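Quick one: the structure is below, questions incoming.
Naming follows writing order (A, B, C, D, E, F, G and H), and every chain is counted from residue 1.
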Amino acid sequence: MEERVIMAGFGGQGLMTIGQLLAYAGLEEDKNVSWMPSYGPEQRGGTANCHVIVSDGPVGSPVISEATGVIVMNRPSLEKFESYLIQGGVLVIDSTLIDVKASRTDVEAIYVPADEMANEMGNSKMANMIMLGAYVQKTGVVKLESLFNALRHVWGNTAKERFVEPNIEAIKKGAGLIGELVK
Amino acid sequence: MAARGNVIFDNERCKGCELCTTVCPVGIIEMSSRLNSRGYHFSQVKEGMMEKCIACGFCGMTCPDFVIKVERL
Amino acid sequence: MARILMKGNEALGEAAIKAGAKFYFGYPITPQNEVSAYMAERLPEVGGVFLQAESEVSAINMVYGAGGAGARVLITSSSPGISLMQEGISYIAGAEIPAVIVNVMRGGPGLGGIQPGQADYFQATRGGGHGDYFMVVLAPESIQEMVDIMQEAFDIADQYRNPVMILADGMMGQMMEAVDLDNVEKSDRNLPPKTWATTGMAHHQGKNIINSLELDPAKLEKHNLDLKKKYDEMAKNEVKYEMYKCDDADIIAVAYGTTARIVKNTIDMASREGIKMGLIRPISLWPFPQEPFDRTADRAKAYISVEMSMGQMVEDVRLAVNGRKPVHFYGRTGGMIPEPKDILAEIKNILGGVK
Amino acid sequence: MAKVIYEKPKGITDAITHYCPGCTHGIIHGLVAESLEELGVLGESIGVAPVGCAVLAYNYFNCDMQEAAHGRAPAVATGIKRVLPDRTVFTYQGDGDLAAIGTAEIVHAAARGENITVIFVNNAIYGMTGGQMAPTTLLGQVTTTTPYGRKPEANGFPIRICEMLSTLEGAAYVARVSVHDINNIRKAKKAIKEAFQTQIDRKGFSIVEVLSTCPTNWGLTPAEAIKWLKNNMIPHYPLATFKSPWGVK
Amino acid sequence: MARILMKGNEALGEAAIKAGAKFYFGYPITPQNEVSAYMAERLPEVGGVFLQAESEVSAINMVYGAGGAGARVLITSSSPGISLMQEGISYIAGAEIPAVIVNVMRGGPGLGGIQPGQADYFQATRGGGHGDYFMVVLAPESIQEMVDIMQEAFDIADQYRNPVMILADGMMGQMMEAVDLDNVEKSDRNLPPKTWATTGMAHHQGKNIINSLELDPAKLEKHNLDLKKKYDEMAKNEVKYEMYKCDDADIIAVAYGTTARIVKNTIDMASREGIKMGLIRPISLWPFPQEPFDRTADRAKAYISVEMSMGQMVEDVRLAVNGRKPVHFYGRTGGMIPEPKDILAEIKNILGGVK
Amino acid sequence: MAKVIYEKPKGITDAITHYCPGCTHGIIHGLVAESLEELGVLGESIGVAPVGCAVLAYNYFNCDMQEAAHGRAPAVATGIKRVLPDRTVFTYQGDGDLAAIGTAEIVHAAARGENITVIFVNNAIYGMTGGQMAPTTLLGQVTTTTPYGRKPEANGFPIRICEMLSTLEGAAYVARVSVHDINNIRKAKKAIKEAFQTQIDRKGFSIVEVLSTCPTNWGLTPAEAIKWLKNNMIPHYPLATFKSPWGVK
Amino acid sequence: MAARGNVIFDNERCKGCELCTTVCPVGIIEMSSRLNSRGYHFSQVKEGMMEKCIACGFCGMTCPDFVIKVERL
Amino acid sequence: MEERVIMAGFGGQGLMTIGQLLAYAGLEEDKNVSWMPSYGPEQRGGTANCHVIVSDGPVGSPVISEATGVIVMNRPSLEKFESYLIQGGVLVIDSTLIDVKASRTDVEAIYVPADEMANEMGNSKMANMIMLGAYVQKTGVVKLESLFNALRHVWGNTAKERFVEPNIEAIKKGAGLIGELVK
């Protein structure tokens, strides 16, 4: 098993964070993982993305040219990264922020109104977690429980401790969608 | 009587920093709820307030992104 | 401790601390800024000193002073910053001061870009500074290996009283991987005490001088010969490499650092297509490993050096192969990262030609 | 007929800058461009961009530009000026660029009385590289490399560049200004124009230090950053004309 | 004008002026100080500018500015000073600015000594700076040749918009020889006008930018590929060498600069003893001449690289010979000068072994 | 019993220096050595030699020494001092070394308040390399690189290092002295000792600028050189204590 | 009465710079016509003048080459 | 013909000057010449030397390891450079300044009381020219007239013009010795 996922959107949407979280979750399951961020001045206000690999075998290049999954939270990212997907790959689109559909038909596109849902939950900052929940539930790359553990591990005993439970809720919300959305 | 002014915004240049809103002596600049293509809420003159503009030019001078052209009518 | 997820730049800092380096001098530059941020926070906690110098030129000379005073000292930078250190590195080598220098390479030349690159290979292995000198240059392919090699690097530096360079790249610095910081193998090197360090005459026998000047040519030649002896020893003892699926390979790629990981991907793709491809991965770039070439030159049909440069290590490959088989090159540059499928296409090309 | 009170100066290209929202680098660019335009020397000007957030300034100024190595803009400008003594040559440098790695270059350009103009943007931090301590970082200020706040024992004291360069005979025009409000923006413009006039009159080295914000790395909104500048930077970096060919009050 | 006796350091300065270089930036360092003294006196006479910079770092960046403004500009230094210029040289190459850099080499590493050396060969030919770049590196063996090559160097720099290095040594700088400064052959190169120079927008079409930054990796790679194309062209067109008594030589020495003169002495001694020895003298060290090796590899029994270093050019010799014949090395260092009789002894040794 | 009034200090080795006859580098060496001895820190001292005529100072000072790259002595000393904060660390630098190539290093060592002592030997010329212009060369002075005399338009103005460094908060002790007669030699000794005391008391950066002769490259006899120093250098480089932890009159 | 002094020269260290001769308040130091092994005329107290020495130490303090030891008798 | 001569003594004795003069004289006769000085800090007060080659063929290394002639004006130089001479080489020694004899017997040693003679001529600075005159007369490496021409060429129209004739006299004095000294 090797999952190669690209997460992309505007800076500040928290895509780096969910990328790290996924990698941590993989680590919780004793898998090999890598997380590779985009870096540079374009991060400021511009788009940011990271590449995460979760694998049973050793990880080769941390930079993904053929992705099994893509999570996008703005339109330029959809346009840029859609083509990275392999056939049958999973494409998770924030449908609140992106008002177009996937142009590829050979991939599994999932439309998550994450921003809207997050606002409903009272914190638009958690849209990223909703996206992640949906993706993980769909692909089974890691167990949801591993994500929760990762959150507790990394944010526990830090200033972010109080965000752990709400974020778990958000992940669950995202995960919960999958049954509904994907028929 | 104070001079009347007209301000023209190049919305695509705006980065939504809000500095112009803080310097307008007559407080007529606000941020739009809409985003430009680069993802920023851009600035605008409040609905119907343009005639309050005194053409001081402060907004233009303050804007770091050369968004605003100010004319005295 | 279990494996934790860590950024390369932070892991290398922590590894240095674990290797006993309590002194860090540096100057900000992308893509290695996380090292300074990490060290600025961590070193005061362990009673060490983090100092942001006014420039790379100053930083490397602070390393000279600190290393000469007997401390284990780390400095990190990226390509243009390393260029500014060339005089200092030559001095450190000439004065025989142990120190570990990390270059988290980016694209060049000039200001270039900030994405990963491997185009400072010549500079690192041939001495970008003036005069006859060499450093052991180590190129890890993973964060775990970088952590392991850090301990080794300080030991080698101390053993030979010589600077050691770790050649990484932006990818290695920026990526996160699982790393175990506690099970780093301590070497069994017998490190000589630093009786030469300038710690004040009241603190040791006689008078110590840290110096690279010698106005008498005969004496300077003698010094160079002594250094040469040391380099020969390093060349003999400090060779490190990995051979991956070389045994029955028709074509052998040579790659280091992150590029080697990419080549490993390629090898898997190739083997799925029935192409027998292997990898020689030099871990020490200087000394460059000769043995794996001698072991494979009979069987392999060709070699290909794969680099994030326009072709630098390929010269060492040519020197090692010494005409026995054709040597090819594939490179991407400017921050572009080679892709397995493109490498494979090149390899098919070559094998087509070779047959 | 409508009279234009303000618009993008001709000395500024149409390119959208890469600066963060609310970063005052943009304001300063505008003042430089207006000054060159008003003095009628835009077509005679050669600017030197630094390494720092203004690294892409060559895309924004509507005149010939050279991109210098980090800190070396004054040396590059010297090379240009010696070849083309009748052109207007300026550098645009940050505090890391000018006051850290480029210390020798700026001191000696000033000491030589090199007939160039230096626009020195002091935002008390390394913006481009993500918020490290600069030589001008204030005591107590938290940056990525002073996580416990800048302490003199460990990190030294902030440098006042204008005061230091004023000791040099070759420095003809030395002023510190700020862009935190309209009044100060106007004064900054005046100083920048005087600095260029100094060069045009061949009176020697001119420098204008402009206090500037870095909302991103200060972790403040643009408006908060303006206030922080006013309340924290100006007390340590007094605004003044230190030297001028036309005398200092 | 007749031949006059001139010090190498002064002759090279005058030659640069004759080649139209009216701008000189530098910083004092032995053994090339006579260049600055000469230029300080002469340049004002010809309406040029001599500027003593505050350091080599500043000096090379002044060259960047002046070259970028369209002037022919000269800079000279010696080993440690050249190390300090590595960032600047990489920038000059990256931004494609023509300039001529002279390294009057001394002994290293570090502060080393001030006597002649040739241990900056790697630095010069491989790029001591970061990133993929090359300069044409020219190594004259006499003051007359240095004078002739100066004109050539400026022409090559302008033709390719690239820095050119002249690699001399303390001996070349300090010695006096007869030189004819007036009969320097002007090349018939068709030099492109410097439409790219930053002279102010009122003085040319459009806007000119001198720059080596490119944040987009794809564009930076493109820039690197464009540069590569240029380097390939230089590599094809700018090879220069001398072959001396190679036709029936059993052993061929390879040497450049003053060392080549010494080898010529040796060849005479050898021939008196009936030993057939030849010399390949690369005049361009980069591009390194391949042809003379291809022409001699069948007949010669062995090659020997003779250098004032611990062995640097020998790698290029190995690459050129590519395993066809054994390649040996003889070197002195630290300011010691090889002696014909010692070289000859080494050669007898080798020939004894080769037979 | 005979009482020794003067003899070679213990801080000076038996080696015969390579300095030219009558060069005052030797006198200054003696004062440094005496000071370290009298303060009882010779065995605790680490000196940093420059590149310049004093390049071989490591052979003359009877304490541990490091030989720095040209201009980098303050950086090297910083490295040493940070590792060994309780040792006495000093640099000994010429005007080319400190005021030209080493400008950034000295400014920042001072700005950091680096707790080291700098002995700055200003002889208005590059001695070692045969008499080129230094940043401290006087206007009109002929050197090999100012064959027509130093002119401000071409070569800039001489730098007054003490005045410049005094603007920096981190500089605790700053003084300029001379060794052109017995009285001044005594004052120089006092200043050097105070500078070291500043370091021992952990008060921060200390520097003593010592006006010195270069008979060889000035083209004068040693005695004439002493007079030239007095008549030409002192008017431009006033002798004074600019800063001191014990206050300045 | 002024103190009586004794000065001892380490001739081989002397470089003949003559500075010591210029500072002696009683003018008793002169340069020898002889050379030391390094080719310098070295300094010495004029024949029979030692007793005029007041042990001021000036010669020692001035000598850049640590040639002179001064004793007060 | 190839003459390889080393000239050595204290700095200030003018050995560099006579070396250049000899090279110039060679040039006057259209020979190939090189002049190579010692350089470095040891020049100050210490010894200075230069290597001069005058040759019909091209000059190889300008640094001489096997000298046909050696001119020395102090004892350390005699001790250092005597061994550089080939068998039968010419060794010119300033016998005023050097109170020992050559130790080699397979060379032609010439003892010139140059310092004394120069003092007699009223200018001890001209001892170097006397040494050169003797050497040139002895070896015939160049014509004396070429030396004179060289002097006129190089010093004519400079501040040193007034020294030309006295120096020619000194060279002649040195040359004149040869008949007397070498029996």
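Here is the rule we go by: a residue touches a chain if its C-beta (ideal position, glycine included) is under 8 Å from a C-beta of that chain, and two chains touch if they have at least 3 such contacts.
For reference, the UniProt names are A, H = 2-oxoacid:ferredoxin oxidoreductase subunit gamma.
On a predicted model such as this, the values are computed, not experimentally measured, just so you know.
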Worksheet, complete the sentence: Separation of chain E from chain G in touching-chain steps, minimised, is 2
Item to complete: Sort out for me whether F-G or E-H is joined by the greater number of C-beta contact pairs.
Response: F-G
Discussion item. Counting only Cα atoms for the centres, state how far chain C is from chain F in Å.
Written reply: 39
Response to the item:
Here the gap between chain A and chain B, centre to centre from mean Cα coordinates and rounded to Å, is 38
Discussion item. By the touch rule stated above, which residues of chain C touch at least two different other chains?
Written reply: 30, 49, 51, 54-55, 57, 80, 87, 91, 95, 110-111, 114-115, 211-213, 215
Item to complete: Would you give the residues of chain B that are in contact with at least 2 other chains, written as numbers and ranges?
Response: 15, 38, 40
Worksheet item: Considering chain F alone, which of its residues make contact with at least two other chains?
Response: 20-21, 55, 67, 69, 100-101, 103-104, 107-108, 128, 135, 155
Worksheet item: Which residues of chain H touch chain E in the complex?
Response: 20, 23-24, 27, 32-37, 39-40, 58-63, 65
Discussion item. List the residues on chain D that touch chain E in their complex, please.
Written reply: 42-46, 48, 55-56, 58, 62-69, 72, 75-84, 87, 104-105, 107-108
Worksheet item: Considering the complex alone, what residue numbers of chain C touch chain E?
Response: 57, 79-80, 82-84, 86-87, 90-95, 105, 107-115, 117, 119-120, 122-123, 126-133, 211-225, 227-228, 309-312, 315, 318-319, 322-324, 332-336
Discussion item. List the residues on chain D that touch chain B in their complex, please.
Written reply: 2-9, 12, 16-17, 19-27, 29-30, 181-182, 185-186, 215, 221-223, 226
Worksheet item: For the complex, which residues does chain F have touching chain D?
Response: 100-104, 107-108, 111-114, 135, 152-153, 155-160, 163-164, 166-170
